[in-house]
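Shown next, in structure tokens, is the structure this report addresses.
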Amino acid sequence: MDTNLALILVLTPLLGFLVNVFFGKSLGKTVSGAIGTIAVAISFVVSLLLFNQITSTGKGIEVTLFDWIQISNLKINLGFLLDQLSVLWLLFVTGIGSLIHLYSISYMHDDENMHKFFAYLNLFVFFMITLVIGGNLLVLFIGWEGVGLCSYLLIGFWHKNQDYNDAAKKAFIMNRIGDLGLLIGMFIIGSMFSTLDYATLKTAIAGASNLNLPLLSLAALCLFIGACGKSAQIPLYTWLPDAMAGPTPVSALIHAATMVTAGIFMVTRLNFVFDLATDVQTVIAIIGAITSLVAATIGLVQNDIKKVLAYSTVSQLGLMFLALGFGAYEVAVFHVITHAFFKACLFLGSGSVIHGLHGEQDMRNMGGLRKAMPITFWTMLISSLAISGVPFFSGFFSKDEILLTAFHHSIPLYVVGSVASIMTAFYMFRLMFLTFFKEFRGTEEQKHHLHESGSLITIPLIILAILATFGGLISLPGNSWLNGYLAPLFTKVAGEEHHLGTTEYTLMGVAVLGGLLGILIAYIKYFKQDNVPESDENITGLSKVLYNKYYVDEVYDAVFVAPVNSLSKFFRDYIETGLSALVFGLGKIANEIAFQGKKLQTGSIGLYLFVFVLGLCAIVSYIFLAQ
Amino acid sequence: MNTLIAITGLGIFCLLFEILNLRKAIVPITILGLLGVLALNYCEFGTEQSYYNNMIAVSKFSTAFSSLFIVLTIFLVALSHNFYQNHPTKISDYVAIKVFLLAGAVAMVSFGNLAMFFLGIEILSIALYVLAASDRLNIKSNEAGMKYFLMGSFASGIILFGICLIYGAMGSFDISDIHESALSAELPIWFPIGMILMVIGMLFKVAAVPFHFWAPDVYEGSPALTTALMSTLAKVVAIATLFKLIAGMNFISSLDNQDLLHTFEVIVVIISIASMSVGNIMALRQVNVKRMLAFSGISHAGFMLMTLLTVSASAGVLLYYTTAYALAGIAAFSVILYVCRDQDNEDITNFHGLGKTNPLLAAVLTASLLSMAGIPIFSGFFAKLFLFNQTIQAGYIGLVIVAVINSIISVGYYFKLIIAMYSKEPNQERTGRPFLIYATAVVSIVLNIALGLFPSLVLDLLK
Amino acid sequence: MGNILNQIGIENYIFLSVVLFCIGIFGVLYRRNAIIVFMSIEIMLNAVNLLFVAFSTYHQDAQGQVFVFFSMAVAAAEVAVGLAILVSIFRNIGSISIDNLKNLKG
Amino acid sequence: MNVSTILIILLIGAFATYFSGDKLASKVALLFSLAALGCSIVLLNNYNAGENISVINSWINQPKISFALNGDGLGLAMVLLTAALTPIIIFSSFGNEYKNAKGFYALILFMAFAMAGTFLAADGLLYYIFWELALIPIYFIALIWGNGDAEERRKAVVKFFIYTLAGSLFMLTAFIYLYTKAGSFLIEDLYKVNLSACEQFWIFLAFFLAYAIKIPIIPFHTWQANVYQKAPTVGTMLLSGIMLKMGLYSVLRWQLPLAPIAAKEYMYIFIGLGIAGVIYGSIVALRQKDLKKLLAYSSLAHVGLIAAGSYTLTLDGFRGAVMQMIAHGFVVVGLFFAAEVIFRRYETREISEMGGIRTQSPKFTSMFLILVLASVALPSTFNFVGEFTVLYSLSQINIWFAILGGTTIILGAYYMLRMFQHVMLGETNSKVFADVTLNEGISFAVIIAVLLFFGFYPKPITDLITPSLENILQVINKN
């Protein structure tokens, strides 16, 4: 029964993919879209059933299909583990997934390759599910690389534009750098405990006496590198903003809600490993904090609506890692969920805007859309409030939890985190004001095409907005349903329940004030004085540095890519030719000797006889000497 | 013995046919006669006896090699049918000379007395002088003949001197006497000297460095058929005789007594290394196929000389090697004869595009070259294999490695020809399918491959 | 008969013929006229013949002398062939100097 | 019924093809290759049923050489690879016209015969003979039916032949030396000889020369790229798909067990060489202008990893190596075929002249993409299984080997995707790209199916090869 459920869960998206790949074109756009959506919806239903079962029974379901890879000291089988964590993830992956599918039906309707788009989306969901429910690290790795592949395909969906293809390639390769880390981590763990199964691993570690902690921490570090790749943390974050080249639903689904959270998932999944590697945890916390700050600062000055959201995503992910670093997994998970809601909503909103403006993404050419597209405006407003941590919206609770934890562990990181969230509030409302208020700054004919998007687009927006509002309820401070739900996963007592004391309240207050402050600044700067960011060339000073993302891409290019390429040229032009010249050289030498030798063969009998006699004398005298 | 008589008789018959104006019949009848002789020889195989107070001593060794010579002669005679079409009046002489030459060859491997040996070698050489110069009006042929004659007779002089010294030391020309007394304690230094002189004379005949200079010039200058004869029959005879001399006179052990053995082995090793290296390297830059094969012949001589290091064991190996080499040579030359029959030279350019115009012969030539290069399933490979095996067992691993390197070099020029045949455009029409040439080519190469598949046939003859 | 050899040791015969042989060799090496080269070769052979005879006396055994006849016969035959070749060369290039025979080389 | 049947079928097939004439040649060849495939599958069943399918007849008594074919799991797996790829390769060539087709296809079958023989031979000399025989056909295929400037080609091919021959002749010397010790060329007798460390070192070196050139391991690879580029695609497929595997297989079967001490002693050096090959090959591949050359270097990188795996002397290493051999065999054939498919339409191999094919032929694009992903070892392809196992074994030796070797998954992705982007993506190409024909489609489909199936379920292969690999390990660790 469980096996069948699991298989249905996994295989329906795959089925949808296959159908769309092979028959999509002939089926026509609407049908293929419907198929794609339904496939995911079914998985969503199944996940609901499973969720139901888990909550009732309270323990996970293990499904083993068959042996996969045999290695002398560890046997890896293709199996699934459906426990609280994976089912939770399933819920919002498939749930938001189906919403976004729905959205895409209308959003992508003008694209001739719509069936392909849905095929890829389904494939993505398939791999994402595999990633989530994999029973061991290697099955997770299938999904891990699979989603990477899908994001490659979807970022480069408009494949005629080589820049998009470059972005896609960049995403894939950066992920692969992380994946190598993940692999190495697996190797170490495999050789230490000779298993990659979560369950067995957990017991093994629990039971293990005199663990080789340094080695284990090394493994943890490698795994974290993998997480950095997937979840766009420093130093591997630069692919995510470029990934915005893909269609907006993709950005919403893959690069905001689901795939990028895989890193957090993996770390949470292996919490028992990370708990032992405390110094790695510190690293994680620091990297998370820095990432959130850096990304936020960059986000301040971006003018491409999607870029802003992308950097906000990076910074939010940073906050989640901050939480992970302190071992507050449930907090991180909480933020993952709320973030999924409002960020998906924001992306879809921006998508609706872009749709309305026929592909215009620069906020400097927007404005005053409030009246034209009210639903989009309101939903996005709600989400912005949520992300800025305005009280009683979902974001408020989750972000607050994180900051609390940070405060309890290290003040500096707490400060960094708070600054980041203030900035978040600022740039989000900068976005809101520039997009929806004042007068429209676009061209005339854009202006008179302005319209609210169709229902297929607005419905998901509304649903997500609602979730973004009330999502916080699943883990109210004080009595958190989520913590209780996730408790079985964690070795230590699930996150120290902050009894709400004065410090907590003051911190909350500070956070709220910070958020409001950010909003206020934005309001003054872009509503009162209504100044519009300058066009690229006359951006100067610090903002120029920020606008160019601290020139990180350029640096990477100069430090890694360029050298490899020039090395490759060098090898090709010198080493290769040199080596083959060496081989040919031997032949040439022989030929040269032959050429000289020919001169010896003068054809004169006298010489021949002379040599003859010489040889004769040599031999005979040799005999005599030997005597 | 009967073989020898029969052969001589056959030669005389050939001359008679000329008188009786049966030129047409000469080639077929000679071939039939030789086949008969072969059968006769086969009957003698295994019988150990000596005739005319041990002038001729028939042994397995002699009969085995004689049969090889006869087979080769059959091929050569078969080829001469087309080769001498243009001057039919001469054909009987040429065929007769070949047959007499065969008689000399047989005498050389089955001598029981140095006198017989000397006569044999002279019969062979004189016949060769004549054949080399046989194209009277062609200056090249004359020159070849002259060179060969001068150096050949010089070499015979040396050999004769060697014989003389041996006689002086032993007081007898009889092999078996020498064989016994070679082991006696105090021998005058003349004996090894004389022996060495004879060896040098024979080394000249097998064209080993530094006595090889004549070979390329003479091969190039002589008529193609004669070249074929020299590079196959003559070479094989010479090396076989050399082997028999050293084995028959118990030379090795007598040297051992006078602790000269090491010296001798050093000499052999040096000469064989020198021969194969010089032969292979010099062949790289040759454009004339006959000349190229001359050098390849020199290198093969170097390989064959390796057998002298393990005289006691390697008679069979030598037989196998010579057979493989000679058969490949016959096949190659029959193709050369076909391709260059109305060309005035044998340059590689004549072979361009043979693969297209004449796939069968191209395949044959390719096969024979691969065999010479020592590529598996062709008997050439096994020949090398057995030789190396023999030599490594005797502990000369260094020599074998040099030999291996040489075989690598040799591929260089063998493949020059193959490439010319397959990857260049044909530059001339090739008409006519002369039956005898085709037959010779195919039969010899088939024999070669058959030996490759069943080496034991030949290898175990001299057990 | 043997007493002669007692008076003049066999070694002297050997030296004599070796000397003759070497003369022959040098003749072959240094003379360019084919005829003279032939003659030098003849000298070599005859040196050997002389030695043969000496040895046969030394050993009191006739084989050596018989052998001399063989070698003479052979030498005659050789020279016959040689001269024939020489004639045809002379017909073709009108000279008998072996220095003109350098077309085949390389 | 024993393993010699396959050889007989292929040999007869070669002659039958030659005499069937240019019209029928391709069909006949395909027929016989399929027959061989069927035969090998039957043999596989018999083997799994525990039947003895080996052959041993004495051939030459002095020196003692026997006609011995050994049908164990490893050999059988490689023969299956050969027998499976040959029909695909032949079938893939149906789109082209060859002059003197009968010779062409006959040579292909003959080569398959020789290679199968190499995988089966259980007698040192027999093995050597097959090893050399395999060289002749590819030489002629590349020389006569190759492409590019004739003079260049001649140089490349002759270099290839002499170079490989040079290596193998040293191997022959080593074999003869071993024979003088063992008194027989039979593999088990050779396994029995006990050599001093010094002797082993030289033996090992001699074998290494032969295999390093054939595989090729850097710095002995200089023949590879040129020959791959000049040879007709069928030849390239045969070379890269099967012939390279001869070398890798021989490392496992002959080199390591015959010189175990040396193998253990110098393990690190040779692993290092293999990994150097991985990195070097990947980096050189980055900047190749010619599609086939790029693929050549990519396969240099992959075989480097395989070799490194074999030299770890661990069961995982061996197993991973063999699986990777098979996987790589299929994927590289597929990739070269893709190159050929493009060449048939665009008459060029210059990457710069391609691009924008995706809009014209989505089908081909997807198939090509899958192959590309397989070659960069995306999980759920067979290549991943192999690569993972190899890397794991390397990590057991020394984690740095795994890290350095693992760079292949980054660099590999880099050059392959770069290639894919410039070949397939971008603005629609001005030149027309006709969609893949049914024949081409079938070839691709088969390859992809194999890769994906074993990617999820490699168990059959693992079970097949493991016992014989364990035996080899026993021989290696006997002293």
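Lettered A, B, C and D in written order, each chain numbered from 1.
Keep in mind that, in the parts below, a contact is a pair of C-beta atoms (placed from the backbone, for glycine too) under 8 Å apart; a residue touches a chain by one contact, two chains touch by 3 or more.
Labels paired with UniProt names: C = NADH-quinone oxidoreductase subunit K.
Computed from a predicted model, the values in this text were never measured in an experiment.
**Student:** Which other chains touch chain B while also touching chain C?
**Tutor:** Per touch definition, common to chain B and chain C: A.
**Student:** Point out which chain occupies the most central position, where each centre is the mean of Cα atoms.
**Tutor:** D
**Student:** Using Cα averages as centroids, what's the distance between chain B and chain D in whole Å?
**Tutor:** Averaging C-alpha atoms per chain gives centres 43 Å apart.
**Student:** Measuring centre to centre with CA averages, how many angstrom lie between chain A and chain B?
**Tutor:** 79
**Student:** With centres defined as the mean C-alpha position, give me the chain A-chain C separation in Å.
**Tutor:** Chain centroid spacing, chain A to chain C, equals 99 Å.
**Student:** Chain C to chain D: how many Å between their CA centres?
**Tutor:** 67
**Student:** Counting only residues that touch at least two other chains, what does the list for chain A look like?
**Tutor:** 587, 598, 601, 603, 605, 609
**Student:** Could you list the positions in chain C whose residues touch two or more of the other chains?
**Tutor:** 28, 98, 101, 103-106
**Student:** Check each residue of chain B and list the ones that touch at least two other chains.
**Tutor:** In chain B, residues 146-147, 150, 154, 216-217, 412 touch at least two other chains, as defined above.
**Student:** Taking all chains into account, which pairs touch?
**Tutor:** Inter-chain contacts occur between A-B, A-C, A-D, B-C, B-D.
**Student:** Per the contact definition, I'd like the list of chain A residues that touch chain D in the complex.
**Tutor:** Touching chain D: residues 21, 66-72, 78, 116, 138, 141-142, 144-146, 149, 152, 156, 159-160, 162, 165-166, 169, 172-173, 176-177, 179-180, 183-184, 187-188, 190-191, 564-565, 567-569, 571-572, 575-576, 579-580, 582-584, 587 of chain A.
**Student:** Residues of chain B touching chain D in their complex?
**Tutor:** 355, 370, 375-377, 381, 385-386, 388-389, 392-393, 397, 400-401, 404, 407-408, 411-412, 415, 419, 422-423, 455-456, 459-460, 463
**Student:** Give every residue of chain C touching chain A within the complex, in rising order.
**Tutor:** Contacts found on chain C: 25, 28-29, 32, 98-99, 101-106.
**Student:** Can you check the complex and tell me which residues of chain A touch chain C?
**Tutor:** Interface residues on the chain A side: 598, 601-606, 609-610, 613.
**Student:** Using the touch rule from the top, collect the residues of chain C that touch chain B in their complex.
**Tutor:** 10, 14, 21, 24, 28, 34, 37, 41, 44-45, 47-48, 51-52, 55-56, 58-59, 61, 63-64, 66-67, 70-71, 74, 77-78, 81-82, 84-86, 88-89, 92-93, 98, 101, 103-106
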